[in-house]
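Chain IDs A, B, C and D follow the sequence of writing; residue 1 opens each chain.
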């Protein structure tokens, strides 16, 4: 019976890099968490411990920091493309590279109503994400860009119902025509190409996601998610696919009746666990092949 | 040798209550995490297991949810005052009550440039806090209100130096006249009385804290903190004391020189641990006695 | 241009169930966190909001709790198999079900040297995991079982080197022939079939993983991982594939020289971020098809 | 109106130090998280930014790492006493120092039934803690040592009731004569002096706490806590005071009746929030003055 090495990849995770632009008195800040992952001819490292083809994760780290200056971080997509291309083009054993980035938002502090030049507070609203995958050389070259966001906590206090569902022996839930609906949205979207106005597109997509969540009268979180994905694809030409993962953060109407207190959808207990988890992919019919666009760094386990 | 029960207190921690106001089509939301703590004649529960004087933590929970409707949550200070007074006034064995609240911010989703009536996203910037302590009855009655915030992450990319410090055998740090200074601020402040425009005062204090952090040319985080506390006391009449706790979230200038890349304060590694931790109390000379205003629910351990 | 619903799935995540066995005075405890996920004919819920084919996540929750009694939790694999089969066999629109479980360990408290009958402390060492995927009916029926563990923090203080690696312009790391090697291991393994002595096999595999980490003289974490996976496959007949994901939790030798203090591999700074991340799959050459065994509940985003 | 600086302190928090003893082939490991805090003549740093009396937190860090070798970490109490004494004795402006340490447990990996010489897994059961406070010089010198533990999760599946409690308008809880009782214990204890067999005493106290939790038939968590504290004081001569803080981690009996399934204390939902929180101090009548033994590093906010 033989035993073989199957899939494998390695890299440096979570380089927390802060890039300050200070060319004028009005500074700018980019705050990113960068993970790099290499795939290629690294079998010998696993099978015999031979490191001669291995670019150490420490070197990947140094490169990630240096590229924050060499290339800059105008957008995380652009920075990541450059970094991933470097690994595939300049490091021989590397067949494919994946760069995953989280970006944390900051907004300028107001002093007497004016934006301060060099002081910010973290916005904390959502984390912007991007993941670039680059494979092959020459005619075999493929490049995929995905953008995304996570931890976008959104809630509507009406305009959501849940009725008409299947029942069985274990059914306990009552149908409702008016409930709180809330989620902590994770969304990722795939671009058709590798050129776009990344920052503007991000802002557009975030705005479509939140306003669609607000305006769709929801018959189920499933329906809301599909409408959100569809709205993005209808509005943004360069995007071909949207993935949505949404925990249904349950808000239970609190029973105050025995205290003689009326509760018409006004007081809720926000529960932590368990939560519903709804996931959907919405895709253009003519989307090009996704290839390994969705193969994550943490994807093997 | 005798062994006695010393200090003791008990309560229900972290009731996550969401209060929706829906009297008009334009709803409002208050999202709070409430902890209640009772102090008083509860020795028997500890010494003999006799529960006859014990108001169960479950009952405290029910009351906290019911008060979100009965009293409402216009401000967390007002809500907490009512809840704490109820425990001291209406539950005989209770000599003192403490209510601690965290409030999470939400902002309206924009749809075509207009604020939506019933959909919000979590702002996530900082958590607002309040802690009310009420003791005694009749002439012995004392009431303290503290407000606060935590997790306010703030950073300035220049205007901060650190030089002229004491040196000894273990000194390795180099003085610097230009560094990134960042913290995740925790601030609490004590009000002189129990009446104020709580929400407006909160906004004022937050604004003073952030703008002072921005505008003070910092010789040390210590100095910045003192100036922040002083600015609050100078501007807000009803506040008599400010406590500040600030981790110095170190941003290390990344060495890119050996790669032939210049780094003039542009690329930093944001480190997690260890961090400096600077704490200060700033107080009016004529502040009334703090009594047990600062005795926390988790204070005994 | 058409827009379609692509992949989709939904379920209830993180039901925290504690099952006590109390048939004799010597009780037993099983502490599990259960997530259920359904795949099938649920397009209408997304496309039109029609819930008639949707088994609510609340019903999935009720079933998960009830099965803890109806079936019991002798092993998480057995419990999950029964639960997943129920969803596929008894709920018509369900084509496939996935059940993911985490199990937290407890050990009996010792009283005067003897194990107590009904009191335990959490061991906290590692979390045991399992994931069952069941697809189709009749001749199309497929069932996959994977077991695993996570958060197994393991460290060796010598017997690890890292030398002979590739160098480039960004190389800063020095080779070392003696270092601390530590990781927080995530391992998952796939069984050939759906019958095994699950608890005994788990204990065997954990023991092989830890003892192999200890005894292999490591030339790289890659090599150690491969040897760990290989050792499992060589020793355990019913297991056909092992996935390993290992953060390289860096321990940096602390420079004490300028203080006149020698540090021969004795004092380290344990850093949080960034960390290396090494992943590998080790597989039998005759392993049956993995099908959707590795398609996670959180897999779409 | 004057504004003054009140209490203040500063230091370096969370130095994660790993100390390996490798004098023989059988290595030993100590894994600690160290925070140091200085109190003294530091007003000028706050008031004018003058750092001349300030020992930088970076220097405190260097000292903490160096002392892991110079003094060693036979016990966290001994290590911390040395470090705190150094700051008070050797750094002139320091009037008082506090050192707080967390220690993470490791146990040897077994290889063929034998303990391995240099490989361990994290036990993860509880975190051991210590806090040393040292004040003054000469005749004014005071030294306090407290030990402790946290995150000790303990559960009993019977032998716990809760009845006879006070009722009011908001009472909803039903009394019970048999419930699951669980907590994640935080305990701290104060030693009379500064010499003890620290590691043996720690083991003794942990054992007393867990076995008392097991064997006391509980009428309330309050009663169990008092008995735990009392048992420690009765058994351990050098300890004069015990503080206990115990979240009541609620396990709710799950209603399976409507599914036709009996649930006699066998299936529970383990809830996250809210939780009861019970705190008590148990003290010898002849305990010496606690002074600032309990004034924490994070104590001002």
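Convention: a contact is a pair of C-beta atoms (placed from the backbone, for glycine too) under 8 Å apart; a residue touches a chain by one contact, two chains touch by 3 or more.
All values derive from a computational prediction rather than experimental measurement.
Enquirer: How far, in degrees, do you have to turn chain B to put its CA atoms on top of chain D, rounded to the nearest 5?
Expert: 180
Enquirer: With chain centres defined as mean CA positions, report which chain is farthest from chain C.
Expert: Farthest chain from chain C, going by C-alpha centroids: B.
Enquirer: Compare the two sides of the chain A and chain B interface and say whether they are made mostly of the same residue numbers, over half shared, or of different ones.
Expert: Both copies, chain A as well as chain B, present the same residues to each other, with over half of the numbers appearing on both sides.
Enquirer: Please compute the C-alpha centroid of chain A, do the same for chain C, then give the distance between them in whole Å.
Expert: Computed from C-alpha means, the inter-chain centre distance equals 23 Å.
Enquirer: So what's the Cα centroid distance for chain A and chain D, whole Å?
Expert: 38
Enquirer: Report the inter-centroid distance (CA atoms only) between chain A and chain B in whole Å.
Expert: Computed from C-alpha means, the inter-chain centre distance equals 31 Å.
Enquirer: Which residues does chain C have that touch at least 2 chains other than itself?
Expert: Within chain C, residues 15-16, 62, 66, 170, 172, 259, 272-273 contact more than one other chain.
Enquirer: Could you please specify the touching residues of chain A with respect to chain D in the complex?
Expert: Its residues touching chain D are 169-170, 172, 258-259, 272-273.
Enquirer: Considering only the defined contacts, which chain B positions touch chain D in the complex?
Expert: Chain B reaches chain D through residues 1-16, 35, 37, 42, 45-59, 61-63, 66, 90-91, 93, 148, 162-168, 170-173, 186-188, 218-220, 222-223, 225-226, 229-230, 233-234, 241, 243-245, 247-248, 273-286, 297-301.
Enquirer: For chain A, which residues are in contact with chain B within the complex?
Expert: 15-22, 27, 29, 31, 62, 65-66, 68-70, 106, 109-112, 116, 118-126, 151-159, 180, 207, 210-211, 213-215, 251, 254, 256, 259, 261-272
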